[in-house]
Amino acid sequence: MDFFHAHQAQHYLVLAAVLFALGALGVVLRRNALIVLMSIELMLNAVNLTFLAFSRFPLMGTSPQGSFLTGHAAVFFVIATAAAEAAVGLAIIIAVFRSRTSVNVDEFDALKL
Amino acid sequence: MDVNWLHLIPLLPLVGAAICGLSGKWLAKSWLYATALLAVTLSFCLGIYGFFNLPEGTKELHELAFNWFSVGNLHVDMGFSLDRLSGTLVLVITGVGLLIHIYSVGYIDEDRGYWRYFAYLNLFVAAMLTLVLGDNLVAMFVGWEGVGLCSYLLIGFWFTDEEKAYAGRKAFVVNRIGDFGFLIGIFILFNRLGTVNFAQINTAALPLDIASLAAICLFVGATGKSAQLPLYIWLPDAMAGPTPVSALIHAATMVTAGVYMIARLSHLYILAPGVMAVVAIVGALTAIWAALIGTSQNDIKKVLAYSTVSQLGYMFIGVGVGSFFAGTMHLITHAFFKACLFLGSGAVIHGLHGEQDMRKMGGLRKYMPSTRATFLVATIAITGVLPLSGFFSKDEILGQALHTKAFDFLTLTPGGSAHLTWLGTVIYIVGSAAAFLTSFYMWRCYFLTFSGEYRGPSSVHPHESPLVMTLPLWILAALSVVALVIGLPAEWVHGTFLQDFSWEHFTRGMWGAPRGGSPEEFSPYLGYGIALVVGLLGFASAYFSTFRYGIEGDDAITARVPFLRRTLANKFYLDEFYGFLVVRPLWSFARGLWRVVDATIIDGLIVNGVGGLVAWVGAIARRFQNGDVQRYAAVTAVGVAALVYVFLVRG
Amino acid sequence: MNFNPSDLYGILPALILSVGALVVLMSEVFLRAVQPERLGVAGGAAGAAHAQLMPGSDSKPLPPAPSPDRRYQAWLAAAFAFAALWAAVAQFGDPNVPLFAGAAVSDGFARVVAAVACGSLLLSCLVAFSYLEALRATRGEFYALAMFSAAGMCLIAQATDLIVIFLSLEVLSLSLYALCAYLRRGKRPAEAAFKYFILGSFASAIFLYGAALAYGATGSTRLADVANAVKLLAQHQSMPGVAPLLLASVGLLIAGFAFKVAAVPFHMWVPDVYDGAPAPVTGFMAAGVKAAAFATLVRILISGFGDASAATGDRGWRALIIGLAVLTMVVGNLLAVPQRSVKRMLAYSSIAHAGYLLVAVASMASWQSRADGTSGLLFYLASYGATIVGAFGVVAIIERKLAQSGLPDDLSSWAGLSEKHPALAAAMSLFMISLAGVPPTAGFMGKVVVFRSAIEGGLAPLAILGVLTSVAGLYYYLRVVVYVYMYPQPKGEAVQAGRLFSAGLAIAGCALIVLWMGIQPGAFGAITQAAAASFGK
Amino acid sequence: MSWLDAHLLTLVIFLPVVGGVLVALLPRGEGGQHKGVALVFSVTTFVASLPLWIGFHGKLAFEQKSEWAPTLGFSYHIGLDGVALLLFMLTTFLGPIVVLSSWKFVQERVKEYCLAILLLETAMLGTLAALDLVLFYVFWEAMLIPMYLLIGMWGSERRIYAAVKFFLFTFVGSVLMLLAIFWLWSNSGPVGHRTFDYLELLQSGAIDHETQGWLFAAFCLAFAIKVPIWPLHTWLPDAHTEAPAAGSILLAGVMLKMGTFGFIRYAMPLFPQAALEHAPFIATLGVVGIVYGSLMCMAQTDLKRLIAYSSVAHLGFVMLGLSALTREAVSGAVLQMVNHGISTGALFLMIGYLYERTHTRDLAAYGGVATVAPAIAATFLVITLSSIGLPGTNGFVGEFLILIGTFTSHAVNHASLLSVVASTGVILGAVYMLWLYQRVFWGPARKAVQHGLPDLTVREWVTVAPLLVAIVWIGFQPQPLLNAIREPVDAFVERVVHPQDDARKRADALPPVDLMPRVVDAVQAAPAPQEAEGK
Amino acid sequence: MMEAVLFYIFAIGVIAAGAQVVLRRNPIYGALSLVGCFFFLAGIYLLLAAHLIAILQIMIYAGAVMVLFVFVIMLLNLKDEELGEQRMTAMKVVGIIAVLATTGVIAWRALGAAYPNGPQVDNALRISGFGTVREVGRVLYLSSVLPFEVTSLLLLVAVVAAVVVAKGKI
């Protein structure tokens, strides 16, 4: 357990990295547009986690003029953004679905070459 | 002495040419003729005026017309100089030219291209006068190429006939080959002396190599213009032109330009004795070569053409052995009798409505007496069975060749011991042989044409030409008799009033003396004797073959030596040889080069190749853009990986 | 309260645009209905085409009933765009002031970019007007979204805080996603929007992760703090953990914007999106987004990581930008060659131009050519913007015809344009020539300033590669001219009748700007050079 | 010095543009009007350019320097030295002829046609007059577009291939030159004092040997393609063959000269060491061009293609002359530029007229034209003679000067050998030109002329006559032209043959700036680094 | 001690749920496991003393956003066969490798090396009221005015965009 305490910050950061990787994999792999969208949400959350971890465990010698809570503010904005993206993204998926009754990404190849 | 009217001599015919050429189509015939003749007449008069007012001492009139162009240290002037040599030639050109103009009035009258004809003729006279009057190489070159142009135009005068058109082109191109040498000669002299004026060149002390190089290059030009081996091939074909043209250009004047040039540059040539030897040898070879061919031609003009070539060979022997006066003298006399011969043949052809084959002639003496008479005189003059002009000039040349000292110190190999003292003798023998042949074929020609019975188709009624044509014949015949006075040996005329007419005496001091010095006074009688015998032998052989038996006699010879006759009739197949060796290879090489290098390698392989490659790669590469958004995402991920790698790992 | 109302003056263009967008949205409420024929002949045809080209959707023909008259909205939007442009231009020469406690800045650089964005918005609105009217697809939201995204561009050019950058990026992106999917003509628009959206958010997530790491390294998201950290790093006075974080973050940040500027290998979305989106939108994207994205990239690299050690040092980002530039120039031109759809060709060509702009960015890395590089970049952005908006303006006129006849977009549909529409043909050729960089056009001057700065920065090989690839570019640009001028016109009208006025106005404007910048580049040169002072010295 | 004198050159350069604007404003379809305007303006341009010729006194004249884009370092600096003046006059002289020549041939898209011609004229004039490298480059490239349209819109079957090929070929070369120009700019002085001005660049900053080689190569490529020098010539036959008569005339008459002009004005004086070093190479290429081009001519069956290749040969002479670096040769080369412009231009003019009548360029179809159209035959003969350099025509003086100058050159070793080989071009020239002449004009009437041809009309006479006069006039009075170019030619030879003097001059001018990238912080970077080059 | 246990529990939860999102074929399961993932994340946030954020996470994400997702999924109600089979392409493999490599390198080189000798500073202990609404609010409303305003603009844009895109026909 003291291993955890010794490398507390790294634990959070690496967790974030893993989450980010998961999201990215989802974007690259899944052919279902909705799940691709969710994977992007995952990535954003990973970023949030990174922000928070850093704002709790700042590196030595970092002395921002602002407070250490700018990280939290950033997360706040990111959440808002994520919501906005989700809304627009879902709308687009609906539009696509309208025009071809499918949400399978690999069938969207009217535009190519 | 500087005068300001010399330029008129070439200018007047030029103006005449301009008038005839530009307005000839609309000008009334008579006016046109008047213009053309007047132009020549006037410059003739000017020539006489100048000739007889040559100042004492320098004996040269000079005019700097205008500075043509001068850059850096190259200054080329349009300068004219009229001295004894060029003066005489001016007289010959304008005089003979005038006669031929007159003759042409009758000859070309029916042709609808008459105005072109006279324009060309005047232009030629102008160019030829520039050639002889020019006081520097470039000015001379202007005339040099100008006459070439005119000969091209006049040979191709009846251009609808492919043959004639081709002949014209051939003449020009072959001449160009010569001119190429001429140009190089100019370059060499300029590069050494920084000038192109005869005055400086003739007084310059050039080292042997430069002099030889320049001389030989210029001589190449001469072989082109004066139809010497190996470039003579254009001249026989040049007979495609109207006969008066052949008389004026391809017999009397233009073809002698080479001889004139060498005489003009005598002081340069004597600095290059080796080259002089070459000149003499080439002359001798040409003389015999052409004479041989001449014996087996049946086209009357062809015979005359080859005789011209061989006579030119004599002239080159003359200048080659260092007796420039002899060469130039033969030039003058030859101008008279050869013009006469050509005009005579022209009259014959005219009288036979264009028939040129001697085998379809014969017995014309009763139809065209004056033509026959003049032709006879000229024939005698050229064959030298009787001492007329040709006899003296030719034998002067041969005698000089026999006694020349020009080659005495020449060695075959540099620094070798074997001196070429025998060269003169050899040349003399060859020349004499050529003289025999000359006599033979000229008489053969005469007999086949005028004696015996008429062999042509009965549809053709031979008739004598009008006075306008016969008059020049008579005058020329007279001249070729009278001209003998200039050839009389010095000691014959010494002290008499004739000595002023002796060409040798007249031009004394003009020429450079060959390195071996001029031959000391030798008695000409032996030479004359041999010459007479040779001439008579030729006459006899012709007489017994063709006079006796007419055409059958000639055929008998053919039957006797068929192979020889065929070879000679086909001019030793020289044209075919060139065609096989040079002409056709060149053209096919050009085509091959175009197809392979230009079309295939540069354009096909490189230019279009690169373009094609780019397009091809692009076409392949775009396949990668297959519209699958996740592939795009994957590529993006790869990109990110690369960036991160670069920053985190590589660094 | 560290907020000073005068800061608002600094972001005036963005404000004007946002207000304008709201006004236009409002105008939707007060629409006056008129008879369809008052709206021009195109309606019926458009309706029919629209019906047949919408499988899957409820396709009933347009109601003959009176339809609302939206013709003024375009001019309204244009007016606001012009106002914003004027605001940006009016601020030229003002001193550079930090805004909102360093979250943003108002400097010459940002103003020029804002001017470019507003200018392309203005012209694109005019182009879009006749386009949409002809297809009977006018909605206030279209212009509103366009203005929102322009506002985002203005903001992002000014932002000096990674979070602000991210937010403005989202503002401009989201509205553009919507604009791509705006038309309902077949599958293509929605698909384009989807691809753009997925990849766009993917990229912004990556960017955001980079921002997070930067925050970790510096404890702040302000570029100024990043710069300090970099400087400390250069002087070896920073904590051991900082360096790798900074490096990772700069990598991710570059990746995020390499995507936006369409640098190879982050370019894959460009052809599909440009192809699928409506031509006026594409033009706006090509001009505005490129300007904004490049501005931000430069802002991050120079204000954040501009220190010599980070730029041209052995681990500097210049090498990387050079690599991207090489890839981008080569691939962009190479792939444009086989294209037969003008729209797609222009898409690939915009990739290629991104490559040339990256050359300018690379030359900004070293001190002695930083000013030249900056002014070169701005000049090129302006010239490219004017050209490409005009080009897509012409494309729009052709495309709306195709959208009705349902023909594929192919060069053959351009054949003989010069016979019936010499002016259009001349304009298109002018734009092509300008894109190819042949004088006397803006494109040429752009290339001059960019490559000159490259030579100045000692990047001769890069410059040589650039000009050589631009030869390949010439080939496919000329092909358009060939079709326009040298092929006979096929039967039928090349262009749908009517509704040419505003588009013509815009195209003419672009043509004039292109010629002006090509023949009298002095004024623009002065502006860009003044702006170049934004980055030190 | 009145305002007019100060701005005369600008006026002349941009007169055609004014005409172009007028043409553009005229309503479409009124063919006559457009042509009329074009004609009026081209004639006016010529008339207006006469004072330039009269008022010229050897030195660089009619200079005008004013601001263009100071912030970018460009200046509007124009002026004419003798060489430029000759070509300038040639261009204005050919202008009206070109417009007139296509009066009948061009019937559709007259408006674009006239526009293209006029713009092209301005571009060419500007290229000759420019004294600022960017200005030069702008005009230089601007030439391409109208010519491209001329070929592509009014050409014959394979016109598009030819047009694109023409544009791409010339573009490839010039872009690298542009970079070299930038290099010169960066080298021309400290930041803020840099310049594109030709005259100042001649004096400023020495360039080390290797760099000079590269820059020279870049410039050479641009100009060599335009000339064109073997083996970069393959665009020329296509362009000439497909272009309409007017296009060919301008292309042969002026545009090719831009390449040689570039050599004598920019490439060689700017980089004298490199020029001197590579002169033998260029001279050799010139000779290759002469022989190769002539041989190509012998292989052609297409009239225009043949003449196009003959241009390759003729410009080979010019390049030989330029790189021989003697006063005679260089003067001859410059003169030959003008001559080639006149005679080859005239050739294309006449062939254009033949083509209008017979609609074929195939040699085999021709024959016996002289019988039906003697005037055409006569004029063509004169032009042919000038093109094969017969004394008394302009062609002779030029070729003679080039050859004799080359023969005596010391700057190039084996120069005399080159000159001799080049002289064979004189023979080959006669071979193919006379072959062409015989084939087309002599012999029996063949397919193309069986139904007879109308002879030259008055309009056509008006276009040909001036050229004939020029041919003969220059043939006999070349000296005024040679005087005009003496000063620049001397300067050129002096500068290139003795580069070390020039190097010295530059040495006490500004120290060089080495452009290797290096990290300097703001303090250092303020002025340009002052250390002189180490090597 | 306690913190460690909780962290590992939440972490495993986050990863497991995240994996479910990526692996589950049916979007509805994906959505639900995403909700779960968000809950675990909220826990992690609490461990990081980000109280406000944790709340927002639950409310906005697990609440609003996911509802939206589920709603859309229902709206489209995809049949099972419409989902089709997941296929693997070479490019996808390359993508996987790239993603793993990137995150791996970052985690190993950057994150791992971030704290050479353990985190020295723990703001949660150092700063009183760290992560509370009050403190975060100060930051939001005082020192980050611009982002806040831009966010408002962003949301407006989102609304308009969503409306335009989702519209039936234009």
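The chains carry the letters A, B, C, D and E, assigned in the order they are written, with residues numbered from 1 in each.
Definition applied: a residue touches a chain if its C-beta (ideal position, glycine included) is under 8 Å from a C-beta of that chain, and two chains touch if they have at least 3 such contacts.
Since the model is a prediction, treat every value here as computed from it, not as a measurement.
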Intersection of contact sets, chain B vs chain C, gives A, D, E
Winner on contact count, chain pair A-E
As a test of understanding: of all chains, whose mean C-alpha position lies farthest from that of chain E? B
Inter-chain centre distance, chain B versus chain E - centres from mean C-alpha coordinates, in Å: 104
Please compute the C-alpha centroid of chain A, do the same for chain E, then give the distance between them in whole Å. 5
Here the gap between chain C and chain D, centre to centre from mean Cα coordinates and rounded to Å, is 41
Rounded to the nearest Å, the gap between Cα centres of chain A and chain B is 99
Enumerate the residues of chain B that touch no fewer than two other chains. 611, 622, 625, 627-631, 633-635, 637-638, 640, 644, 648
Hunt down the residues of chain E that sit against at least two other chains at once, touch-wise. 92, 95, 99, 102, 105-106, 109-111, 114-115, 143-144, 147, 151, 154, 157-158, 161-163, 165, 168
At which residue positions does chain C touch at least two other chains? 54, 57, 163, 167, 170, 174, 177-178, 181, 184, 193-195, 198, 202, 213, 216, 239, 241, 244-245, 247-248, 271-272, 475
What chain-chain pairs meet the touch criterion? A-B, A-C, A-E, B-C, B-D, B-E, C-D, C-E
For the complex, give me every residue of chain D touching chain C. 28, 67-72, 74, 109, 111-112, 134, 137-139, 141-142, 144-145, 148-149, 152-153, 159-160, 163-164, 167-168, 171-172, 175-176, 178-179, 182-183, 185-186, 191, 515-522, 525-526
Please name which positions on chain E make contact with chain C in the complex. 105-106, 109-111, 113-116, 142-147, 150-151, 153-154, 156-158, 160-165, 168-170
With touch defined as at the start, can you tell me which chain A residues reach chain B in the complex? 24, 27-29, 31, 36, 105-106, 108-113
Report the residues of chain D in contact with chain B in the complex, numbered from low to high. 165, 168-169, 231, 234-235, 292, 295-296, 298-300, 326-328, 331-332, 368, 370-371, 385, 390-392, 396-397, 400-401, 403-405, 407-408, 416, 419-420, 423-424, 426-427, 430-431, 434-435, 438, 441-444, 476, 478-479, 482, 486
In the complex, chain E residues that touch chain A: 1, 3-4, 7-8, 11, 14-15, 18-19, 21-22, 24-25, 27, 30-31, 34, 37-38, 41, 44-45, 48-50, 52-53, 56-57, 60-61, 64-65, 68-69, 72-73, 75-76, 78, 82-84, 86-87, 92, 95-96, 99-100, 102-104, 106-107, 111-112, 114-115, 118-124, 127, 130-131, 135-136, 138-140, 143-144, 147-148, 151, 154-155, 157-159, 161-163, 165-166, 168
